[in-house]
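One structure is given here, and the rest of the page talks about it.
Letters A, B, C and D mark the chains in the order given here, with residues in each chain numbered from 1 onward.
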């Protein structure tokens, strides 16, 4: 432990500082300083992402625990983006929750989720990853259900149920994965290296894909996302949709074996991702609240990322994970900014609404990949490995869908703004400034990172071919949107969580099973049954043993 | 057949009767009695074992004898505690306003649907 | 030979562990209750030190400690023996019981907030339970174990009905009678063993034991008897009403440690006493019952309307994990050691988390005046520390990191995967899901905003912190390395060789 | 010939046992059970275990019967649901299987039988005792006996715990609230002193011939109960220091001797060389007193709230 370098310390601080702050928040006088808590907590993470050299790793606790922190390129990209969003959303939350009596509790959940999200991007050993993943998953429950409405409670229940389920799948996968290594707690890298040779590789991959796919909102495990993201307070939604879902992304990046082609599984993931990308758009279009539209957009975008990762798995292309992380980074900031926009619009006097809508439109178009925006860079980056085939076409078409969905978002935002009762001169600076900074960063920052991450020159982006490839989906999307929205559409709003209604038979089955267990238990708790069972048990035990001790064929 | 074998078999029979009584006993007294029968049977088997172990100048192995004496006292303690509980239970059930025995029994057994165990908090 | 030196030796400590708690009884019998209460807590504390000293001695020497009562060696005499597993159980028990004592104690300096002072009987029974448990963990003689188990039962049963309510007396009587049924089946097995081998010493019997009809029947009877006392499904009829009806301090010690004594003995019987061919044959059956316990009792726990009943059913379910361990631990494979460690760890982390949960539930009930789950909405605002303790305990039950239950689950899962016991792995995972269901159901409700303002009685903070401390220990087990523990295997396989009377 | 007698004895026991298990009136069942106990006493004599026979008659049948008789009237209040005929049949079959399994095991017990008798013979001279059973109880397996006294003590605490804390200085209810009749009074006046003498002799003789602390204590307890029933002596309040010390005397004197053994003889529950018999007799005195008092108190039950 001796001789920690400055870089090591920065990595540690990224996770420890928010945890210590959360612990300190037990004391009421600390809890009251929400502003300090929320603004200080993400800073070490930001510092680590920027200042720590890539490849740095620190063994925090030696073997057999092997708690290890390490920074690699995908981790750094996501960590940096997350830290920025946490900072902006935190600043926003300080103002947003100013009059909320329960803001102290909210900030504790916030800090725990933040620590967990940083840890997921940083830890390098299997057990710590599981811990970090559980921390971010369960703490996010507190953010989502902060408003404690009926809808929030339902969303919380669904979220928890799926989270617990996902944890069970992942622990099964991790245990099988670690079986190939002699270390009790291997590094993720070492464990994954043994995956192709594992006798259970199919089962492990399936469990990983379902477990992480659930967090990313892949169809049909996306049901919790529109519920949870829409009911949280605005800054909460921003980090849930922006950052928490990326825990699933980093999971797939870390645990899918890079460089080994797995055609079937890759194709499967690609298909699931593409389907989800369109499905999210389709359901999102029917929504009547901008936050739910955004949540479905997240479903759709994570489908795109999953499809990209699927291509990587299919072809064994080892560069894909970094590109997916870059796409995730872009989505992180954009989606965060768009959620904050909803809050700003709601607080905005009607006459000042237009600039807000313009920003929202730029953010939306960036998400769709409009050239000269950050989003175009992300789309370009992932188009490379996907290629120009059917998958490439579908990916482009999904951008069309995104454009239409974003148009819907801006229109709904206008309604929200128009219906807002805000009076006074302008939006409070506490909301406006973080929002504006984040929006600018979302559109601009990808330019700064692009070359470093992809190793491609920016100039390539401005070739005519690329511009056209980037422009036509957006243009087509806008055209379609114009057609659809000429008059207010008559979509029937699909209830958030859509196919969750299909789970009703499942719930009934559970009820029956539970009632059956209760009935069985009532029967077994009668003295007569239990006494008979006790004696029978003794006899059966004796019989079983006798069967082994005196095999029939050896009987005289 | 020698006496130890005969009484060993009697011990087995007494144990079986005790086990049967414990299974079919409807009230606590029946169960306590059956428990004592089973105990008597177990001790008797032990007595047969002791008698078979006669030797070295002793008519029976003294160790099992000592253990049976201990066992009888322990069984008595159990009986005393069980009877005290039985009497307290009966007193509580006989109290005006207490749930009658039948209902309390039914509550412990459950009927249809979602009957929950336990009683009032 | 100098008695004073002997007194402090590791071997003599075994006897001290058994008799020290008993000295609280005359004090309680003769002295005013407040002084006696303090004295008992001091005795509990000293007993923890003794247990730690034994564990330290065993760990340092790397060999089991033994003591022969009166200097008489088996087969004529009775021997006490502490190997790594025994020492582990001693320390765990002492820690839980000390915490129980602190929880039940009158708050220092003022009268206890809320409920009344615990009656002197509670303290006497607590001390007796302690002594009996230590004896169960140390004795190598089957008949001494019988007496120890009866002492344990007679001390535990009255704890259930200290408040004298109808349902509690009902539960206590049922508990007593079923436990007695089990004891006599056990004793019948012991008698048969004496008839076969002329000794009751586990080590000596194990040396001679072969799969004869008599030995098979004896093992079956002893196993069934212990299962009845351990409330293994489908023999759990007495557990939910007894554990849920008792006062919180009593529930905590019943669910956390008393239930572990017969399970400890089952482990001894099947891993030390029985020939391994028999163990391998019976283990799947034990595991099957364990699996049924996990599934059925967890489901029933989910349907409970009252918090203490929910926790009691959770105990009935968690017992199942310890039985799931048998086929894994009985297999002759390098992974058995891991399963074994996982089982022991599960046993310990369950003890601490369950004690914490029962105490927390008691405090919640004390604050609200009821423990109906439907009425728990918002209780987190009233007794946050208790709720936190409940949640941390629940974390361990769910098998989530960083709690002890997580490490135990991973060990058992790893062993199951390596040994190809897929159904066991599936049950472990399903059990975690169901535990998540019943724990989170309570925690989520407690975190909600109450529908109407809660009227709550104050509870002693002191006791909330005791519950939290226990829960934190359960979490602390999560920092045990994920590999077989050497300590647990000290002194195995059991033998008297080299032990001087 | 004696085998025929034994067989008749066995059949009688079995018949009485079946009567006990068959159900019906509580009193009749308890009386049948006491009959089983007395017959078992005879059988123990036939098995050359006179110490056990005495214990069985005094404790297993006598005092236990006394306790059970008190429960007979209350039993119907603890009744649970009826079980069907099918269940009875199942239980009967299971009982038969249990019998068959045990019978096989009894018949297959090894020959020659393993026994610790030679070990006891070898070790007994060191204890200076004549009765090997007492030797096993108080020397070789003294731990069991110590625990057994603790078991009685804990059972008593358990019984008392059924009364609320505030009743802990009061007296248990009298066994039979009816006023003592002249006959009982006379019987008691004659029997109690004789019985007490028998009890004391049994314990005293126990060192060398059959008898001992448990048997003697049980007889003394029975005499004390009889005296109380006849009104010769009041039911004592359980709060008295003397009574409580008497309850504690046995287990804790034993425990004290055990600890002294560490210093004087080098092992817990070892007796100092040359003084074995003296110390053992002293321990037995204390145990006998405690057993007598504890057994009587266990029969009397929890304090009921009447101030004595």
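One rule holds for everything that comes next: a contact is a pair of C-beta atoms (placed from the backbone, for glycine too) under 8 Å apart; a residue touches a chain by one contact, two chains touch by 3 or more.
Remember, it's a predicted structure, so these values are computed and weren't measured experimentally.
Participant: Can you name the chain whose C-alpha mean lies closest to the mean of all the C-alpha atoms?
Facilitator: It is chain C that sits nearest the middle.
Participant: Looking only at C-beta pairs that count as contacts, which pair of chains has more of them, A-B or A-D?
Facilitator: Higher C-beta contact count between the two pairs: A-B.
Participant: Between subunit A and subunit B, what distance separates the C-alpha centroids? Give it in angstrom.
Facilitator: From the centre of subunit A to the centre of subunit B is 61 Å.
Participant: For subunit A and subunit D, what's the span in angstrom between their mean Cα positions?
Facilitator: Those two chain centres are 71 Å apart.
Participant: What whole-Å value do you get for the distance between subunit B and subunit C if each is reduced to the mean of its CA atoms?
Facilitator: Centre-to-centre distance between subunit B and subunit C: 25 Å.
Participant: Distance between subunit C and subunit D based on Cα centroids, please, to the nearest Å.
Facilitator: 31
Participant: Can you pull out the residues of subunit B that are in contact with at least two other chains?
Facilitator: Expected reply: 15, 18-19, 22-24, 28, 31-32, 45, 48-49, 52-53, 61, 63, 67, 70, 74, 77-78, 81, 85-86, 88-89, 93, 108-109, 114, 117.
Participant: Quick one: which residues in subunit A touch 2 or more of the other chains?
Facilitator: 515, 518, 521, 525-528, 531-532, 535, 539, 542, in rising order.
Participant: Listing for subunit C: what residues touch at least two other chains?
Facilitator: As it turns out, subunit C has residues touching two or more other chains at 76, 143, 147, 150, 154, 157-158, 161, 164, 169, 173, 181, 188, 192, 195, 198, 212-213, 217, 240, 303.
Participant: Going by the contact rule at the top, pick out the subunit D residues touching subunit A in the complex.
Facilitator: Subunit D residues touching subunit A: 80-81, 83, 87, 90-91, 94, 97-98, 101.
Participant: List the residues on subunit C that touch subunit D in their complex, please.
Facilitator: The touching residues are 1, 3-4, 6-7, 12, 15, 19, 22, 25-26, 29-30, 67-72, 75-78, 117, 119-122, 124-125, 128, 131, 135, 143-144, 147-148, 150-151, 154-155, 157-158, 161-162, 164, 169, 173, 188, 192, 195-199, 212-214, 217-218, 501.
Participant: Hey, which residues of subunit C end up touching subunit B in the complex?
Facilitator: 76, 143, 146-147, 150, 153-154, 157-158, 161, 164-173, 176-177, 180-181, 184, 187-188, 191-192, 194-195, 198, 240-241, 244-245, 303-306, 308-309, 365, 370-372
Participant: Quick check on the complex: what are the subunit A residues that touch subunit C?
Facilitator: Per the touch definition, subunit A meets subunit C at residues 64-65, 127, 130-131, 134, 138, 142, 145, 148, 153, 156-157, 160-161, 164-165, 167-168, 171-172, 175-176, 178-179, 184-185, 200, 513-515, 517-518, 520-521, 524-527, 529-531, 533-535, 537-542, 544-550.
Participant: Hey, which residues of subunit A end up touching subunit D in the complex?
Facilitator: 526-528, 532, 535-536, 539, 542
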